[in-house]
C-alpha cells in the first residue's frame, strides 16, 4: 500500500506538502500511520504542471527519504497542480517505469490500492488498453495498465465516467477470477486543470484511507493528513469521487460502481 | 545493438572473459568494434550456473564499465556455464528487468538484435507467451517476450526447434507489419548443461556478428572476439545454430527458417 | 543504527542467514526489533571470502528488501566467512562507497554505531589514516575512516590491539569535542581466516546490541538474532571482544578501553 | 575529461541547451567531439537558480542519455542562470556526491580537468578547505575539494582572485609532487547573479577547450559548441577568465597564474 498527495490551487513550491510538514509525504515514506505497510520505500515520484500542457515527472527507485534530489526539486519547482507518491510494492519490481505518477499527453494518474488476483487477470486488464496507447505501457504495474485503460475508455472526455467504467470492469474481473483478494482503488487523475480523486473498494472490503482539505480555493487530497491539524482534514467517504473542476469548486459525490456492474 | 558472451567448459572465474581480456566484454561496453552502437552503456547483466539447478543473475542499470560490483563478482564467481551481456537499448527503458540475461526455472536466455516494428507487433508477440509464463514477464523488452515465447513453444524439450518456430513466427509478424525494419536475432539459450547459440537475420538483412572459439572442450561464443588473437575465432555463419550438448561436442548447422515460413 | 551479521564456519550459501530465516538480515532491513531505527533502508552490502585471498563485495544504495540481485547472490555465493550489513545512515549520503563492508587487501570491516560529534572530529580521525592508505578512502563515512585507521595502527599484525588503540583515541576525540553524543562501536573485522567482533560504548552510554551463536564450530555474530530460537543466542556483553582464530575456538574477553585512555 | 555548459541571460527552459540542440550536452555525453574521452557516461548533473537564493541541483549516476527524468526536468525547469555537466571519471567512483555541479550556500561550481598526482596531493588540497566548510565535503573528487578551497580562499568576496590563488597553489602542489601529469582547470563558478568561467593549464600542457557565445545579453559558455553554427562560437583562449557581472557585460581577461606562483 502506497501513500500519495495531490494539490490544486495557487502556485506554490512542492516542498509545502512533500518535504516540509511534520508528517510530510517523505516522512510518510518512513512511517505511514494509516497504512498496512508502514514503510513506503519502493520508489517514489513527483508529477507537476507548469507552463507546458504536459506535466513534468521525476521518478526514482530509491526511498524518498534518502533522495537529495527530491529535496532540491521540491524546494525549487512550483506548480498549481501536482502529484507526489511514495510506493510500497505489491510485487512488481522497483523500477522507475513502475513508479507513480504515470503520464500520457497532458493526463496524469497515480494510485494506491490493489487489484486482486492481478497475475491471473493481468492480460485481460491489458487488453483494455487500446492499440494506440499500448506503446505507452513502459512498465508492468497494474496501476499503469488501469490508467491507460481509463484513457482508452474515454477518460479525456469523461474522466469520471471512464474511470467508473474501468473500475466496474476490474471488479468483474476480480470477482470472476474466484480470488478472495480485494479490489481497492484510491486514485487521482488530472489533465492539468481539473482534479479527480476516487476512493473505492469492492464489497466487504475496506477502502484505503483518503482525506482532503480545502482552504481559500487551495485543495489538498492525501492518503493521510500531512500535518497534526487533523481537525482541518475531512475524510473522503468510501465509494466517493471528489472533483475540482474549473471554477466550480469542490464536489463530493457517491460513485455507483455496483449499479454499473448490475446493469451490465 | 548489444554485445554478449557465453561460456561452457571447465569451471572458471567469470573474469577470464568478462573483465580481464584486452577486448573483454566490459571493454566492449565502452568501445565495441563490430557494432552499430559503439557504446553499450544501457545496463548489463551476468547469469551463471553453479551448484543449484537454476542460474544466478546480476543485472544493473549502470554501464558495466563503472560498476565496481561487477569486478568483484567476476573475480569471485566461478562457473562452468555463464552468460554476460552489455546493453544498447533500442528504445525500451533502462531498468533491471529489461537487462539480459533472462531466466525462467533452469533456463537462461540473452539476445542481441532487433525485432522490426516492435511497437506494432508487441501484442502479437506477447500473445505467444502461455498464461502459465505470463507472470514471469517482469520487463517490457522484445527479448524477454521472445524468451518466454520460446519456452511456451516447447523450448524445454526441443530448444532448437522451438526457437526456430518462434523466429519463423516473428519473421511473419515483422513482414505482415509492412515495416522495412529487419528481424535480427543473435541469441544464446541454455539449461545449465547444454548451450545453443543462434545467428539469423531475415532476407536482405545482415545478421549481427557472432564468433566462437573451442579449445580443449571449452567453448566461448561472443558477439565479437574478446582478445586480439582473431585467428583463433571462427565466425558463426548467418542462418546457423551452434549447439554444445552433453558430450557430443560442438555442432554447427544451418537453420531453415525460410523453409519453415514457406511450409506454413 | 544499522544491523549486521558475520559468519565463520563450514562453507555455506549466504542465504542461510542473509535472506532465508524468519528474521533474516533482509527482514531486519524492514523491521529491526532492537534498533533505534526500525528501518535500515539506506543501502546494504555483502562481503565474502572464497578462493582468493581478498574478499568479494557487493554494495548497493537500494534497500536490501527490494534488491533482486541480492537474492540471487545469496543463493549462489558460498563462503566460509562472510559479512552482511543493512544501513541506516546517520547523515552521510547513501552511496555505494558509504555502504559496509569495507575492504582493503584481504581485510574486511563493518560497523554499527556512532562517533559523536563526527563533523567536528572528522579531520582528526582522517589524520589517523596513514598516507599509504589514504587513496583507499573512497567514501565519506566515519566507519571507513575508522577501518583505515585500524589498519594504520597495525591492525594487520595485532587486530584487537590496533582496534582498541583506535577506539581509545576516538573516545578521547569525542570527549574533547565537548559533545554529549556517544561513542558507540559494534564492529566486525576479518582477514578471511579469523574473525573479531567488538561491542563497546563510552561511559554512561548503552552499547548497541550484539549476539552470537556457536554450534559445531560454526559461529554467527549478529546485531540481533536472525531466528526465533532466541535461547540459542548469547549476548556479547558491553566492552567485550569476541575472537575466533585458527582452531582456537571462540574467546570472549573484556576490553579495557578506559584503562588505555587513562594510561595515555 | 568531462563536458559542461553554463548559461546566464533571459529566463529560459534548460532544454534549450541541455537536451534539444543537435549537439546538446546530452548528445555530447554519448559522442563528444573535442574531448579525449568520447563518452561522458559517468554521471551528470544540473544546477539552476530560480526564486531562491540557493540553487537547485539534480545529480545522477546514470549516463545522461538514458535518464528520462533529465528530459522532463530540462523541459519544465526555467532559469536565468544554470549549469549542466556530463562526467567522465578520472578515477573517483560514480556516486551522486561526486557529480557536478557542487553547491554551497548560494555558490555553485563545476569543473572539467585534471589535477595531476591527485592521490599524492589530495590531503594537501583538502587541507585548503577551512574547518567551517569541511562538513560540506560529501564526496571524494578533486573538483569538490577545489571548490571548497576557493570559498575558503575568499571566493565569496573575490571570486576571480580566490580562484587564481587556489589554481596557483594547485600548480605548486602538482609541481612539487614530481609528477608529469598536468594541471588542467576549466571551470565555471556563480553566485546566481554573476558568472565566472576559467580556462587554464600549467605550462607545456594544452588547456581543455572552452567556447562562448553572447547574443542579446544571453551568454552561453561550453566545453564545445552545442550546435553546428560554429562561426557563432568564440574560443576562450588558454589562461583566460571570462566574467559576466551585473550589467557590466562580458569581459575576457588573461589570468597570470605563473606570475602569482613566481611572486610567492
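Just so it is clear, A, B, C and D label the chains in written order, and each chain counts residues from 1 on its own.
Please note the rule applied: contacts are C-beta pairs under 8 Å (C-beta built on N, C-alpha and C of every residue); 3 or more make two chains touch, one makes a residue touch a chain.
Here the structure is a predicted model, which means the values were calculated and not measured.
Counted by C-beta pairs in contact, the busier of A-D and A-B is A-D. For this pair, subunit A with subunit B, the centres built from the Cα atoms lie 38 Å apart. Of all residues in subunit B, those touching 2 or more other chains are 68, 93, 96, listed in ascending order. Because contacts link each chain to all the remaining chains, their graph is best described as complete.
Contact residues of subunit B toward subunit D in the complex are 30, 39, 41-42, 61-63, 65-66, 68, 89, 93-94.
Taken together, the subunit A residues at the contact with subunit D in this complex read 48, 50-52, 56-60, 68-69, 72-73, 75-78, 96. Against subunit B, in their complex, subunit A makes its touches with residues 92-93, 95-97, 119, 122-123, 131, 134-135, 137-140.
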